[in-house]
Structure formats: structure tokens, C-alpha cells
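Here come two complexes built around subunit A, the first alongside subunit B, the second alongside subunit C.
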Partner chain A sequence: MRLFGKYLLILFKSQMQYRTSFWLLTFGQFFIPFSVFAGLYMLFDRFGQIQGWEFFEVALVFGVIHMAFAVSECLARGFDMFSTLIVNGDFDRLLVRPRSTVLQVLGSKFEFTRFGRLLQSLIVLIWALSKVEADWTLMKGVTLLFMIASGVMIFTGIFIVIATMCFWTVQGLEIGNILTDGGREMAQYPLNIYHKWITRFFTYVIPFGCVNYLPLQYILGRTEGSGVPYMLAPLAGCLFIVPCLLLWNFGVRRYRSTGS
Partner chain B sequence: MRACYSVFRLKLATGFQYRSAALAGIATQFFWGFIIIMVYQAFYSQPLADPPISLTQIVTYIWLQQAFLAFIALWFRDNELFQLITTGNIAYELCRPSGLYGLWYAKLLAQRLSSAVLRCFPILAVALLLPSPYRLTLPPDPATALLFLLVLILGLFILVAVSMLIYISTFITMSAAGSLLMFGVAGEFLAGMIVPVPLMPSWLQTIVYALPFRLAADFPFRVYSGHIPTDEALATIPIQLLWLAALVWIGRFAMGKALRRVVIQGG
Partner chain C sequence: MITVSGISKSFKVARRSSGFGSAFKSLFRREYTEVAALSDVTFSIGPGEIVGYIGPNGAGKSTTIKVMSGILVPDGGTCSIMGYTPWLDRVQYVRNIGVVFGQRSQLWWDVPVIDSFELLRDIYDVTEKEYRSNLELLTDTLDLGDLLRTPVRQLSLGQRMRCEIAASLLHGPGILFLDEPTIGLDAVSKIAVRKFISAINKEKGVTVILTTHDMSDIEALAQRILLIGKGKLLYDGDLAAMRAKYGAAEGGETGGGSAIEEALVNMYKEYEIS
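Then we have the complex of A and B:
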């Protein structure tokens, strides 16, 4: 953990060397999801609601998902850019060091400009929280934190899986964007507005449903009977990262260097 | 003119080299299209008083957006040109015996065309065969289809002229990322890429109609689905031409200015 802190410090210093570009990019990262959110607002302005969900309820989901995405994009950028490590043969160097490869890849890149995105989602989240109709209890607050943490785990897991594919394909796969960007785009609405098969796939295979739909019902007090399973759903979502890490370790063992 | 044409052919050939990238792009765009359509379906599933645009027209709008993404996305960029400016290799370009504006314009145009040609046919073909709520409907009559093609091409010319302005701004700022990002986000929103223009609030529509961005994306797509009737479309074509002339003129003027005091970077 201390090593990870050191990695972060070094990367932060190196990125601050290009100050103007850093601020411009942070600023831009703020505006990309902002325009999407503005679009969301306009649609609700026009239609009022989406299958029984009010604007602020959807905004809550939007905030949670985008925050989780921003955090994991910050964190797991090393995995996102992993194909360059493989192509250049730099991964060999990581293997000879006496630390876990996951930690080293995590520490190899950290995109501080994503804080712009984070800030935007934080604003949306706070706004939604102040307007949404729910009676807040401690348990609900905890559930909200679980949702964000679980979202981070899921996105990071996807990044890891896509990076693992590079062990076999060498080149990065653009198709992985379906799961990361597509997943984010999709999960910003409550999952039950989609078709059954989409909902199922994104609940049981990639557990976005555990992040947005199930705990949201608990927070809004729409559950019947005990709320505990709904509350614990995000934790189940966290488990998604376990098979991803196993797959990663399997891939590392299969790794053949491309040479230099 | 002949120089421009050969640059154009060269770029087209390079674009065709990256077929697998195009394939991955197509898959992503399909998924994207489906998700967006499902969201609109959910919005339209409630009783609505008088929607400004029907669901079928929205579906058409979205598929066309996905198919012609290369025609309408402002963030689509040529890093080569940026590097020319920031590394100082622009000096070589200036030695060439043809106008820089025309040459770059042809380059950018070719890039977008090759990418669009690769992507649009598979997407359109599949979208035309999909089951009912997702199907891309054909234009109401052949005349509309022809009109659509005409305004789409004109829109493409306008868009390339706009993106030329981004490249020219690099002469002054030296960092492409900032202006590209700002132009990209604002331009896309104003072109109706995030929310179709008819669904925007009326105050925003006034702004959108005053700017050229929608002429490249929103306008052709609505002509296709018949949301904009033929006579109105015909009346808009002169506006398109006017914008095109204005943008090219501004671009040439700005480029001339920038080139007169250009600093060759690096050594």
C-alpha cells in the first residue's frame, strides 16, 4: 500500500509538469459527462418520466455510475493502456520485481485529469441526493457507499479482463469498449427499462444490476419485505473482481514475451 | 486540383488497411445504437400528448447517426496534421507547390469518406433487416433519398470546413487537445448527437438553428425520415451553401494570417 502511494506521488508530479494541458484536459473531462447529463435533463423535461422513474432518481443512478467509472478509470488506467506494455515488451520488467503484477500495473498509470469527470458526477450526485424523495437512514447511506464501491470494482474488473486478453492477442481490443463505455452508458438508467435479456445479462454475468437497480429500490423504499438482500446486492457485485483477478493470474502464467 | 485528388486516393487506400479496426468499431456502434433506441423506447412507452418526432423517426435518426458517425463526429482527427504543426515539419508542407488549405481539406475529407464507406454499408444493411421496432425504415420516396444524399454530402463539406478551423487554431495554441475537446463536445451537442434536435427545449433549438453544426447531422437525417418536408429541405440547401462558403472563406483567411507569422517549431 505504501508502494502504491509512492507510485501515485511520482505520477502526479510528472503530470503536473504540463500544467496548462493538465487543467485543460481536466476541464474537458468535466464537460463530456456534463453534456450527456444536460441531454438527460432535456429528455426528462420533455417526457416527464421514464417507466415510473423520476428525473432525480435517474440522476442518482447517473451520479453513482459516473463516479464509479471515473474512479476506476483513474485507478485502472494502467490496465486500460496495458497493450502498450505488452507490445514494447516492458511487461518483462514487471515480472522480475518482487511485487505482485496487479499492483505494479495499477501503479504504472494514474490519470489525474479524470478528476474533472469525478467532480461532475459528485455535483450531480449531491444535487440528486438533496432532491430525491427518500427518508434517509444510516443503512441507506451505507448502501449508497456500497453502490459506488461496487461500481468501481466492476469497472476495474472489466478493465482487467480486457487487459488479460492482450496476453493472447498482443494488440488491444477496441471491442472491449462495449463493456466499459457501453456499460457506463447503459447503467446510467435503471436497468429495468431495457429488455429482459439485456437486464439478465447485466445482472448475472456483469453485475451492473447489483449496483443500480436492486439497491436503488431499497434506497427509494420500494422493496417488499426485508430490504437486507437488496442492501447487500452491491457487495455481491464486488465479487465480480475475484474471477477477473484469477483470469489475470492465469494469463500472466501463460505470458510469452514479445521480445523487444 | 489533381494534387488534391491523388492525396484523396492515397488516404482512401490507407483507410482500407484497417479493416479489423473498422469491424470492432461497427460492433461497438451496434451495441450503442441498441442501448439508445431502448432508452427512447422506454421514454415513448408512456402516453404522450403530441411528440415532436415519432419513435420510428428517432430510430432512423439513431441508425443514421451510427452509420455516418465518421461524417459527423468532430473529435475524429488526424494526428498527423497536429504533429506537422507542433514538430515543425510544416516547413515541408509549405514548400509544396499547392495551396495548403485545399490539400488539407482533401486529406480530411478523404479520411472521413474512407472510414464512412467502410462502416456505413454493414450498419445500414443490418439495420434495414432488423425486427420491427428497431428497423431502419426506408425513405418515403426515391426523391427524398436523392435529396438526403445531396444534403448529406453538403453537410460533410461543411463539417470538414469546421474541423479545418480546429486545425488552424493549433497554429496559435500549439496544443490541440483543448480546442479539439471544447469544439468536439459543444459541436456534437449542437448537432443533435446527444439529444435529437426536435426534442430539445425551444430556447436551445433557436440557438441550434442559428449555427452550422446541425446542418451536417441533424438536418440530413430528418430529411431522410421525412420529418423535414421536401420543400423545406430545398429551402435549406442555399443556407448550407452559404455556410460552406463562409466557413471556407474564414478558414482560408485565418490560415493565411497564421501562415504569415508561422513559427517553425523545433530544429
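Then we have the complex of A and C:
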């Protein structure tokens, strides 16, 4: 963990070599999700509500998901850009260093410019929190943090899985974006507005449902009976990363035995 | 110290003929040919040796280095280096080796060299005391003083290579793998690098395995050479014997190269690998 901090420091120093580019990208990253959010606002302005969801409730989900996405894009950028590491052979270099490959890939890149996106989602989140009708308790606050943390785990997991594919195809797969960007676009709304099969896919396969829809029910006080399972749903989301890491290790073994 | 026995490794290479039709077909079904990169390579290297590992392009030099440094797992054979099997105990094993890939940098491009060194210190978990003394020795012998504060991207290739070699020795490894360390360097840098390799070998007893195409590197450094061609180990012996055997054999034709290079060409001819 301390070593990861050191990795970040050196990457930050590198980034600071290109200050203008840093600020422009950060600025841009602030406004990309902003336009999406503006679209959301206008949608609700026109229709009032969707499937019983009020604007600020959806804004809360939006904030959580975008925040999780921004954090994981910062953190797991190394996995997102992993194909370059393979193509220019730098992965060999990682293998001759006495640390786990996961740590080293995470430390190979960190996208500081995503702070713009992070800031934007934070503003939306705070705004939504101040307007949404809920009786706040400590447990609900904790649940909210769980939601974000678990979202980060899921996005990171997806990044890892996509990166693992590079061991077979070398080139990064655009199909991966369906899961990350697509997942983000889907999950920024409460899941029950979609078809059943989409809801199922995003609950049981990629457990976005565990980070927004289910715990949101608890935060808004709409659960019947005990709220505990709803509260703990984000933890289930965290488990998503476990098979992703196993797959990664399998991929590394394959790389080392084929050298492709 | 290093025992490699019967290592073999083959790669699958996708094969297709030219033309759009076959390019399209290969999207769905590929034909592979097995290419033996290494077949039954056996040798052993004692502590403190400097071994030159030579052979034409594509002979399997890099593959051998990759197997020995734990990057690749061979198809067959065993390899024991300082008691470790490189590909099984990767994390423990690589603490004891330093690897320099001449064509690839291990330094962080945009920051001063010293920042990279400090991160490497943390990656390898080197104690502050050991790091200080290693750094001091390396700075003196490689003449790095002014370079340490310079960002890597502003260094010349020769300066960078000196820093690369220093970077791979910060954790005080017992074995140093150098994959074409003098590629693209000017005469001054080449000689500086050679001198240093020989010094580190004498003073710290570091075992050096060196691949290169520059025979004068070999001449200046290695007492022993390993020749590999088409994946097979063809010659293992000392440099003087090789020169005696192949150097004068066909003294008639001089292509303008130095004696040692000629000896090598003659050797390639004899083994039909050129």
C-alpha cells in the first residue's frame, strides 16, 4: 500500500511535467459527464418522474455510479491501458520485479485528469443528497460509502477482465467498453426501469444492481422487513472482483508460457 | 550457480499467405506453425563468470534470457539458478537478479533519474544503508553525478544506458543479465559501459550474462562464449580457443572486419546458421 503511494507520487510528478495538458484534460473531464447530467435533468423536467423515481433519487444513483467510475478510472487506468504495456514489451519488465503483477499494473498508470469527473460527480452527489427525501442515519451513510466502494470494485474488476483478454488477443478489445461505459450508462438509472433480463444481467452477472438499486431502496426507506440484506448488497458487489483477479492470474500464467 | 539443462521452448506463429482473401480467412481460422525457439539447451555457469551469449538474430538468445529471468516458462527442461527455479519462485528469485534490456527502458521517462532509483529501492525493499552504499559506488564508477537530477527523456542514449545499468544493480543482485547493453552507443559510452561491467564483476563478484552483436564487447569482457543458432547450443568454450580454431582457418578472405568478427563468421558458416 505504501509502495502504491510511491508509484502514485512518481506518476504525479510525471503528470506535472505537462501542466497545460493536465488542466485542459481535467477541465474536459469535468464537462463530459456534466452534459450527460444536463440531459438527465431535462428528461425529468419534461416527464416529471420515471417508474416512480423522482429526479433527485436518480441523481443520487447517477452521482454514486459516476463517482465510482471516476475513481476506478483513476486507479485502474493501468488495466484500462494494459494492451500498450503488452505491445511495447513493458510487461516483461514487470515480471522481473519482485512484486505482484496486479500492484505493478495498477502502479503503471494513474489518470489524475479524471479528478475533473470525480469533482463533477461529487457535486451532483452532494446536491442530490441535500434534496432527496430520506431520514439519514449513520447506517445509511455507511451504506452510501459501501455503494461507492463496491462500484469501484466492480468497474475495476471489469477493467481487469478486459485487460486479461490482451493475453490472448494482444489488442485491447473495444467490446470491453460495452461493459464499462455501457455499464455506467445503464447503472446511472435505478435498474428496475429496464427490462427484466437487463435487470437480471446487471444484478447477477455484473452486480451493478447491488450497488445502486438494492441499497437505494434501503436509503429511501422503501424496504419491506429488514433492511440489512439491502444494506449488505454492496458487499456482494465487492465479491465481483475475486473471480476477475483469478482470471487475471490465469492470464499471466498463459502469457508466461506462450510469450506472445 | 546457474544450471540450465535441456530447456526447450516453441512458439506458435500464425501463418497466412498474402492477399486480401487469406487475410479475411485468417480472421476466422488461423493456421499455426510451431517454431522451435530453443531445443534442448544445456549449460552451466559458475559464480563470478562473465559469459558472452552470441548468435544471429532470431537464434533464441532473448528467449533464453527470458526463461532464465523468469519471464517465460519453458516447454521442457530444468533450470536452477541460485537454488531457485526462475518461473516457479518468480517473486523470490528476481530479487537476486538484475536485468537490462538494451532496447527498453526501465526508468520513468518524465522524472529525474534519482526518482526512478528511489522507487526501485522501494520496489525491491532495499534497506536505506545498502541503497546508499550501492548508489554511491554506482555514481562513482559510472560517473552519474550530474545525471541523477536530469529527467530521463533529456538524457542521451549513452547516459541513459549508464543509468539503466545502475538501476538494475541498486538492489545488489548476484547475477546480471545484459541483453544488448551497447546497442546504438558511441565509442566513448561503449567503453565506459564495458569498463564498468568488468569492474562490477571483479569487485562485487557479480556473474554477468551478456548478449550482444558487437564482438568487441565480447572480446573486451567475456572469457567464455556460448554460441546459439536456430535454437540449439552450438559452441560452449573459451574465447581464445574459438579464435584459434576459426580465426586463421580461412585467412584468405578479409571482409574488412576485425579478426574476432571473422572468426565468428567462419563459425556461423561451419554451423550453417548465418
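Everything that follows uses one rule, which is that the second predicted complex is superposed on the first by the 255 of 260 C-alpha atoms of A that agree within 3 Å, B and C clash if a C-alpha of one lies under 4 Å from a C-alpha of the other, contacts with A are read in each partner's own complex, and residues count from 1 in each chain.
Note that a contact is a pair of C-beta atoms (placed from the backbone, for glycine too) under 8 Å apart; a residue touches a chain by one contact, two chains touch by 3 or more.
Predicted, not measured: the structure shown is a model, and the values here were computed from it.
Novice: Let me test your reading of the model: by the given contact rule, A:95 touches which partner, first (subunit B), second (subunit C), both or neither?
Specialist: After superposition on chain A, A:95 lies in contact with subunit C alone.
Novice: Does subunit B (first) or subunit C (second) touch A:14, or do both, or does neither?
Specialist: second
Novice: Spot which of subunit B and subunit C makes contact with more residues of subunit A, would you?
Specialist: Touched residues of subunit A are more numerous for B.
Novice: Does subunit B (first) or subunit C (second) touch A:196, or do both, or does neither?
Specialist: The answer is neither, since A:196 touches no partner chain.
Novice: Quick one: is A:256 in contact with subunit B, with subunit C, with both, or with neither? Answer first, second, both or neither.
Specialist: Only subunit C is touched by A:256; subunit B is not.
Novice: Report, in rising order, the residues of subunit A that make contact with subunit B in one complex and with subunit C in the other.
Specialist: No residue sits in both footprints.
Novice: Which stretch or stretches of subunit B touch subunit A in the complex?
Specialist: 21, 24-25, 27-28, 31-32, 35, 38-39, 42-46, 48, 175, 177-178, 181-182, 185-186, 188-189, 194-195, 199-201, 204
Novice: In the complex of these two chains, what residues of subunit A are touching subunit B?
Specialist: Checking each residue of subunit A against subunit B gives 20-21, 24-25, 28, 31-32, 35-36, 38-39, 42-43, 45-51, 173-175, 177-178, 181-182, 185-186, 189, 193-195, 198.
Novice: Can you list the subunit A residues touching subunit C in their complex?
Specialist: 2-3, 6-7, 10, 13-14, 17-18, 88-90, 92-93, 95-100, 253, 256-260
Novice: Going by the contact rule at the top, pick out the subunit C residues touching subunit A in the complex.
Specialist: 9, 11-12, 63, 66, 69-73, 87, 90-92, 94-95, 97, 99, 101, 104, 106, 108-111, 115-116, 118-119, 122-125, 151
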